[in-house]
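Consider the two complexes below, in which chain A is the common component and chain B and chain C are the respective partners.
On to the complex of A and B.
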């Protein structure tokens, strides 16, 4: 995961401002004693963090790859053997993989898109002076601070419950019938909670983007007779583009691994069995270590693909805009 | 956003149509805001209701309030879970700070070869789904007898939060004017003097923001805590998750437990929101 992502990401991202620095470093290969000392110090400062990071995340992943080639069920510890790609064959022919992939794509994709759209609307609404602006922002970031386990429980039992839920009460006020959210629309309930939790995060990033927009340019456009709608679509939105893409990328990566609301609200029923939940079930309920490890490796590969594709698109746009201006 | 000095004068000249539009936008903003906040407000309100009132449909907005639910939750040992959460989150955040401050310093003030590579490596470790590492970690902890152990959980949280902290702090450290650092070096400041006396006071708010975000993520973490703890080291999120057994009346007690669980982080987040916002946005953008 790491190596690929770092290698694929660095060249593009490095091109505009970092590449010159590196070539300068290459020219300075003959270092003075004090420079050498500084370099050694820098490395010494960096190593502890790097080592801990590698030990806690990267080494276990390598072991996971190793496990994924083994036939190993914890109930039959004596029968552990090397099985090459058997686990991967099981994964791809077992029938659960495709539905799980679909669940992951649907839940992650919908939640990311919805929270970016709502985040954008809220950021635009908040980016103007009005009564109680600070208080409104404070209230709006609260869902992001909420413990996901608490949020899932409150939504399940207090908001979306079929009998006493507030959402159904709201629907009854406008004359609609009660909906059995959790039973009949499990994927939708998960998406609602995720969107509610991640919209503030998207809003924060996009608000930072809006506030970094130079005001004079907008004013000039306004003097030239551009209305607010036109200014938004021709100037603000292009300026926000990189922020929107970044929010999408970060949101996608965070939501790909989402687990809590699924474990708490639906337990993987009704099209909510995402890859990470399936892995959990295989490993800790089915005790199939080898097969679960294969799911882990596949999940990482998919994350790399998504992240790399997204990063490439992202940085291509960055460098294009760099050359245009 | 275009607030120039002349803005008030211009605003007074605004036609009525524009002012009406502005009022409408403000109203829309507040309606959406209150809608978003409603589940939280309702949770807090429900936590003070009696179980009977909490389970009433249609919902009651005026009812007798009680503290019973909080007493009940604490009687069920909720305080222990909160304490476990506090220890795991605080412990991991402190270790993260000790490791991340030097690393961020090295990456921003003393740029070295391949600084960007190192940085991207950090970020990408955060991108790896934790599910991909959990099986070996679980088996290792089981072999070592470290399941259900707060320290083991804290170390994993360090691995989880360290990249984020380095990433955020680096962007704060990068704002320190290099002249200040160089001046200190010329004055003969040794490295530790330079770091603790010169640089750290300047970036203290950024360090606090990064620490707070690490604390929040550890406090809210469910997956690892659920798998790796059971009795003694159980933290709040998995306890909450197993709280509801689906029998009888529980909504008020559940709301009280959830309110207690989210309160520390929500209040801290509100108090530090400016820095939090800046830290998250900058960590993400720069």
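On to the complex of A and C.
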């Protein structure tokens, strides 16, 4: 009785197309001539759109690959020639690629971790009712809304300037010597600017996570005698895990292409020459089109690898969402 | 400073954009050609597109272009103003790919000979000498020399500059030091260390990486110390003792008596420090004097002395730079373009700026006659005379002790130099920070320079 009920119920309520889909694997779909004609027409109608999207997305990349095999300095138009893998050899033996990759990892990694930590602290502080909560939240979000170039300029001139900067002035108040930020700590300055800019983004995601946490569970825990610290580490933090993973992933993707603070403040000195800045230098300072294209191709390959791993992680987060409570 | 949104310079964007824009340019070029056929006839309407750097002198030009358009009712001039690095990127791309977007371009003296040799620019020799009243011989000889390749003039100067040493007279008087007319670097180093206090720097010298930032002053120092980037046969000489001595002198001076945070410090930052009275000396462009002497911009106006660039083994050590107007060969309106170029670089234009906008705003360093105008002499009394002296006496063919195979002072006129200068200047930033030594940095620079030199042989 129960078995027949279950059998009859599935096709109607659950997934009605599941049955035909399964059978399609075994036997070929039989179409009438008119159906086939219709199908051909609809396919034909799709072709222009498909061609355009292939042209727009793939042709530039193919052209880049073509350029990466060329020896071509923009200022030497007469000496353009096919150079096979010379540019790729330059990329890997030039000595700049690995250090630049390291700089990218260090700057991106540190900034993401720091902004997640600060974002978490701010999110916890904001996740309670107080007068002016809306205003505080808006003010805290501001750095993220600012243009990256403007943010870098503010840090360069108002905050870190050796003579009139507020940071050095603050240090002098507590009797510390002025620090030559860009000269002595270039990587740190870039990390500071990025952390300042991306903390609000992390805060927003984590705040959403905190607000989705059911209040009665926490209440029950506190009735059972758990203090605020214990509640935070054993209940809130595990609840936030997937939000933290998402924030880290998105932040990492955005920070990988950081350019403005490096161009404005440190100009690629002292371990701040990230891949995007290096590429800019090859193309616009060196004017080596072939070499820049080769760097571009390598960067794309790396990005694809990183993105594949990252996306898999992302899907895991979402697929696990249902199973966690 | 470059802070344009180029951050996503990855993968296909660069060349994809280049391709798209050149495709677009071909299309617009075609329509332009259709519109401008028979460009010689005077009643045909012509619109010129001018790409320029956004310096004050260029903004003045845009303000005054109405005067030109009133005299030439069939010509309209559109200005596209860009920050220096953006201009360089945009114009180089357009000219190199034969985009034909611009009828007139503002080109630095570094690019003019390279582009001229590539046959990208209209040869102005005949245009300029045939133009009655243009008086091409009035252009300052060293500047004209920089813009000439194989007797062909490829651009005409809009304004030019050299470099000199500016010093705060009050600080020097208080310390009882008299600045000589032609100081040596050793003297300057001594004064700077003597004058350095907690509040005031002895000297401000650029330290910001970039071939046009740090290496503008530093190359002149290297050359007067007897070093250079290359010898007469394009052999790299970056790891030579003289080059080393000069860089060591420069970095030590900045560390001992210079500004804090040198890697952040370029022209603008030094200008701020100097005009606020926070530095006793400043070695930089002569064109800075206009701002230094302006009472609205500067606390030290009227208190500044100007002397020749410090030297060691050469007689003069000033650099030479000019912003010039040139016509790309791809322009469809070359005749009309010359009309405008000759107007903007004429004596009459200088009078026009003087009368309409004030004599302190006159574009300096392009024509000898500018320095003979009584009003200008009066207005710029503090620095006009010495600027003219220096600009007339520097030698772009051989600025250093030994002969060099290119014309130009604070740069090497080869396509690879931007890259070479940029890379070495980034490494010198490590020297300022104590992360690396001069020896090491110059050894690396030598390898790069050898590769660049090899391409010239």
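What we mean here is this: the second predicted complex is superposed on the first by the 251 of 325 C-alpha atoms of A that agree within 3 Å, B and C clash if a C-alpha of one lies under 4 Å from a C-alpha of the other, contacts with A are read in each partner's own complex, and residues count from 1 in each chain.
The rule is short, and it goes like this: a residue touches a chain if its C-beta (ideal position, glycine included) is under 8 Å from a C-beta of that chain, and two chains touch if they have at least 3 such contacts.
This one's a predicted model, so the numbers in the text were calculated from it and none came from an experiment.
Once chain A of one complex is fitted onto chain A of the other, the partner contacts of A:73 are limited to chain C, with no touch recorded for chain B.
Contacts of A:268 after superposition on the shared chain: chain C is touched, whereas chain B is not.
In the superposed model, A:99 makes contact with neither chain B nor chain C. In the superposed model, A:285 lies in contact with chain C only, and not with chain B. Touched residues of chain A, counted separately for chain B and chain C, are more numerous for B.
By the touch criterion defined above, A:234 lies against neither chain B nor chain C after alignment on the C-alpha atoms of chain A.
Looking at the shared chain after the overlay, A:253 reaches chain B, while chain C stays out of its contact range.
Look at A:35: by the touch rule set out above, it reaches neither chain B nor chain C. Once the two complexes are laid over each other on the shared chain, residue contacts for A:162 go to chain C alone; chain B is not touched. Chain A residues in contact with chain B (one complex) as well as with chain C (other complex) are 60-61, 63-64, 67, 148-149, 152-153, 163, 257, 259-260, 263-264, 275-276, 279-280, 283-284, 289, 292-293, 296-297, 299-300, 303.
Every residue of chain A that touches chain B in the complex is listed here, in rising order: 1-2, 5-6, 9-10, 13-14, 18, 21-22, 25, 38-39, 41-43, 45-46, 48-50, 52-61, 63-64, 67, 121-122, 125-132, 136-155, 157-159, 163-164, 166, 169, 172, 196, 199-201, 204-205, 207-211, 213, 215-216, 218-219, 222, 243, 246-247, 250, 253, 256-257, 259-260, 263-264, 275-276, 279-280, 283-284, 289, 292-293, 295-297, 299-300, 303, 307. Residues 1-16, 19, 85, 89, 92-93, 96, 114-115, 118, 207-211, 259-264, 273, 278, 415-416, 418-419, 422, 426, 429-430, 432-435 of chain C touch chain A in their complex. Residues 1-4, 22, 25-26, 28-30, 32-34, 36-40, 42-43, 46, 54-59, 99-100, 102-103, 105-107, 110-114, 116-118, 120-122, 124-125, 127-140, 155-156, 158-160, 162-163, 166, 191, 216, 219-220, 222-223, 226-227, 236-238, 240-241, 243-244, 250-251, 254-255, 258, 261-262, 265-266, 269-270, 273, 276-278, 280-282, 284-285 of chain B are the ones touching chain A in the complex.
In the complex of the two chains, the chain A residues touching chain C come out as 60-61, 63-64, 67, 73-78, 148-149, 152-153, 156, 160-163, 178, 180-184, 186, 257-260, 263-270, 273, 275-276, 279-281, 283-289, 292-293, 296-297, 299-300, 303.
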